[in-house]
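Some structures are shown below for you to check.
Each of the next two complexes has chain A plus one more chain, namely chain B in the first and chain C in the second.
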Partner chain A sequence: MIPAFIVENSPALMIIVPLVAAFLSPFIGRISSTVRSIWVGGAMAVTSAIALILALDVYSAGTRLYVFGASAASAAIPPDSGGIPIRIIFEIDPMSALMLVITAISGFSIIVYSLSSERSHTGLESYYTLYLLMITGILGMVSTGDIFNFFVFLEILSLASAGLIAYRIDGGVAVEAALKYFVLSTIGALAILVAIGIYYGQYNALNMAMIAARMQFSVLDQVALVLIIAALAMKCGAVPMHFWTPDAYSMAPSSITALLVVASQASLYGLFRTVFTLYNVTLNAATVGWLLIILGVLSMVVGVTMAIPQKNVKRLMAYHAVSQTGYMLLGVGVGLAVLGNQSLLDAFGYMAMEGGIFHIINHAMYKGLLFLTAGAIFLRLGTYNLNRMGGLGHSMKWTMLFFVIGALAIAGIPPFNGFASKLMIYESVFVFNPLLAVIAMVVSILTLASFVKVFHSIFMGPALPEYAEVKEAPMPMLAGMGILAVVVILFGLFPGIVVESLIAPAAHALVDQGAYIGAVLGGA
Partner chain B sequence: MFWNLPLIAVVALILIALAIIVFKKNLIKVFLGIVILESAVNLFLITLGYREGGIAPIYTNAPQATMVLPTPQALTLTSIVIGVATSALLLSFAIVIWKKYGSIDIDRIRRLRE
Partner chain C sequence: MPWWTRGPISARCWEVHETMDATSTLLTGAGYWNPLAWLLGLVVAIILAWLIYSMGEKGYKPGTAQAEPFISGNKEPEKGMVHVRAGNLYWGYLEALRGYYDRLVPLHSGNLHDYILWYLGITALFLVLVVIFS
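Our next item is the complex of A and B:
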């Protein structure tokens, strides 16, 4: 059905298509804005399709290796290289495939939304170019098997995101937010580069599988681990380094904020990949596991308590994003803390990790949905201030429906997807340490309380006279939100199937370091 | 001899750069701190590949001699390119901030908090 050529070269194609489309879009936009919309929408649709084809292939046929500059994946290690994989390798295992699925769904629905929400703005050439570059960066980060390549895609992503956060200058305030984000992420990226230098100096390799196979966990490796954890925890917005998140999330256009959520998840993926694949059992799993758990608990508690008093609806949602990131760190951290102990891992470790990883995809869907509804409200009202909203339930019925779906999902109410993943986290974490599960539940209740308040002040009450002219959001925006809402509901109704087919393979792929190494080096 | 000297320079440069980034109030000086940090990391990468008495790693007609490692040089080149893009974006942000706020003092760039 699908030509073999596309399936075979899908890892390269899914990078090339958005990259080429990004740089061609300013020229094509010269013709007319309709042609540009078709061009960028089509390019994103093709990219999503390729990423989904690749993910499907990985889930059915196992880890995929793509070696750039070689005719076949079996040429990963050239015969005259002394056993070192010197070429750039993409290695897509089920964990990467899950991230591809997230990026494909979010990227496509957000561009459908953007086509309508950004129509009346100037500077659209750069908007779509940077948007497609962000997609390139995310897809590259989650599929590369080469640690320097990871750094390059991370920088592509940071540059494009910073440009888009500052896209609506807004009296300079958006630029201020972008500046904060970009200075921090540049310093973080340089820390990662130092860590890469440390690995290269010790192990003569940049390939993640090769480094993992040779990992000694010397003092230098510990320094590198600290640098990478600090940099990536900052980029995914975990608490001690979260202060850029509310600024950047609230100042970026809403469509970009939804994509920034996915970008943060890609950094989270990098964090998990480093800890599980590069180090795995060589590190002191309990210590690093507890480090992630503490980061997670702090993020949950600080995020939700800071969210409650916010007046700006996007700032409020941004603090909730910090809080939800905490759940993922908690779930996967518990799995890491018992790594190396097979009986504990089987008892609750895998389940905790599956909960955390399931929460990544759920969060990307419902948080994206919530930010998109905030954008729709802003489009019609021109304000994010909660105190100035009210009675929108009369005029924006679909937006209200989508907001309710997103809000119930983030609060963990059945039958939405947030409930499914949070329940897995509660159950498994309770076995590990009851106190952590209690904290997680309290945070969830506070989240619900906060969203009930937001829902009430935006949609309930009599229709306000100053918003008498307000209409429903335009159709493409509703379509973009609709895609995400359908995914939220489907994942909530059939969590068993999703966990079985998407999440469990990802969790096992993270834990099974030997399989990752073996795919490149052959027989570990 | 003295092969540790570049590494000492790397550490010194990183500390200087971090001090500039943390303590300077002028946005341009903060950016200069970031550029120094980038240079320090580049120097670190180059030092990793250096072999004493090594020649440039070009195989054609090369005499039988020690060569320096080519990979760190390729990494450094990539890193320099990324650094240029970073500096350009940071400076363009500074221009917009100057136009809108009339100041590049970081104590006065805090409309977000209000």
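Our next item is the complex of A and C:
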């Protein structure tokens, strides 16, 4: 049995545990590297467990409210605050819970992988501290119900991410990539801060539910909306603001690149939360929906076509990450475009949103897996250059198997998870606009073509003499990849139960603005 | 209840179908998708393929000269020379779309100033579109 204290305080604990563990990690590391490994691995395991417990609680009992500085959630609005929820509030609905599940699974599998992949590197005290800070930032972003608090967690995430992108230095190239990411993230965060100022100036509140309840969609609100959409679309790598993505993804250690995928999705979550929860039907849903759709289509097409000629396997995968983000924007964008029309929403809008949201978790799993396989190959070969690879199927059979699983999933080949979410997107988007569905399918075909090239280049052909001594990746790295591979397969084999229990509640929670507002202002 | 006490085989098949349906079938609005049924079909196809394969030539002996590549009597090149590298793949595709790539690739300049300009430009464009259409 799980103690009630843990369940009740899980929203706070899942932030406190990685935060405290992060700052103690350098001191623990002074004892020995083994103790540090146990410390950070244990901290991540506990954080993942708490996040999963909270998600389970949300899926079974409904939206959770956690008010910092109050003994009970019913004290969300202090009696002397003029009806404004002034305390920091975490509001975890099924959409947030889904993001918690993604972070918990990815975070744990990546730390298992990292314990082996980074073993021989120096500066691990910084690595693990920043890693756990990234986890803190992501968990905070997807849980908070306070928009300024969202900004704070976004900044924690950006700072930690920039540090880890630069971690390998790599003759200064990694530092340059981190600088690009950091400058763009800072400008984006500044735009978000301006938007928060606009809300606060107009509505005297920072609580998202309160802002949503008072939303007028004035010109100032429109400016704030655009500032947030553009900043978060840039952070999630949407074309044509994606340029930092291949630079940063390719230069970060592969384990961090896998976590950057989740970080990008936390930004995507922020974007969806803003348009659906803060604005909902007050905005011109068709206009903003089509903006997301256009961003999605551009991301899909430009991402995949830029991936095909790449020679660096991680740059190639980074462009595919951009392309896959397009599917999510397309699916949810279609749902947004028909938000004000209940019959269209029921006919295909919800399905498109569910497809897009399902693709978020699927993408985190298979793209994380693919980046981890790239890291295993780099560990053994010391290069990401596809032109210098070949014949590794003879010596790295497990890595090859995991790569094949990830590659088939991203290409939308049944029975892997990518197929299920893409099918939902194709069929629902086809009803909305057949051309968009055709583009999405063509992009899938190009994705398959691209990964056929990668698979051939890395694993096929005779065993090359220069790699005669190459061995399989170490067991912890295989275990990290294995966890993600199992999720990819299970989500592919049982999509019905995943959609019914995880995805559909998330999509409905996103659309149901009234429930989100009511949880805070109704004193739930 | 043990499987052999559950009644006739048809009823048990239906139970399996129902269970599979509840856990696996994905309704997509316009249709449905059942991966387990698809896997079942795949297994049948693999068995058929294996049956056809097993009826083939029995004289193949791995590890003998039979298994060596025949290149019109020429000596086999070094292993590294045989492998087709990534840079040689999809040459035709890239040539056919040269005009597209000649425009697209230079946009990825690696210059931070360009990245910032794209971001600010898109923000301005969105601002105009959202304000006008709202």
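Here, the second predicted complex is superposed on the first by the 522 of 524 C-alpha atoms of A that agree within 3 Å, B and C clash if a C-alpha of one lies under 4 Å from a C-alpha of the other, contacts with A are read in each partner's own complex, and residues count from 1 in each chain.
Rule of thumb we're sticking to: contacts are C-beta pairs under 8 Å (C-beta built on N, C-alpha and C of every residue); 3 or more make two chains touch, one makes a residue touch a chain.
Treat the numbers as computed from the prediction; the structure is a model and nothing was measured.
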First, second, both or neither for A:Leu370, with chain B first and chain C second: neither
Contacts of A:Gly391 with chain B and chain C, given as first, second, both or neither: second
First, second, both or neither for A:Ala407, with chain B first and chain C second: neither
Partner chain in contact with A:Ala178 - chain B first, chain C second, else both or neither: first
Partner chain(s) touched by A:Ile187 [first = chain B, second = chain C, both, neither]: both
Touched partner set for A:Ala285, first chain B, second chain C, both or neither: neither
Contacts of A:Phe148 with chain B and chain C, given as first, second, both or neither: first
Which of chain B and chain C A:Val332 touches, first, second, both or neither: neither
Chain A: partner with more touched residues, chain B or chain C: C
Which of chain B and chain C A:Gly163 touches, first, second, both or neither: first
Intersection of the chain A residues that touch chain B with those that touch chain C: 179, 183, 187, 247
Partner chain A, residues of chain B touching it in the complex: 21, 30, 34, 37-38, 41, 44-45, 48, 71-72, 75, 78-79, 82, 85-86, 89-90, 93, 96-97, 99-101, 109-112
Contacting residues of chain A [partner chain B, same complex]: 148, 152, 155, 159, 162-163, 166, 169, 171-173, 175-179, 182-183, 186-187, 190, 193-194, 196-197, 200-201, 206, 247, 251
Touch list for chain A against partner chain C, complex: 179-180, 183-184, 187-188, 191, 217, 219, 222-223, 225-227, 229-231, 233-234, 240-241, 243-244, 246-247, 283-284, 286-288, 291, 302, 305-306, 308-309, 311, 347-348, 351, 386-387, 389-391, 414-415, 419-420, 423-424, 427-428, 430-431, 449, 453-454, 456-457, 460-466, 492-497, 499
Chain A partner contacts - residues on chain C that touch it in the complex: 22-31, 33, 35-36, 38-39, 78-80, 82-87, 89-90, 93-94, 97, 100-101, 104-105, 107-110, 112, 114-116, 118-119, 122-123, 126-127, 129-131, 133-134
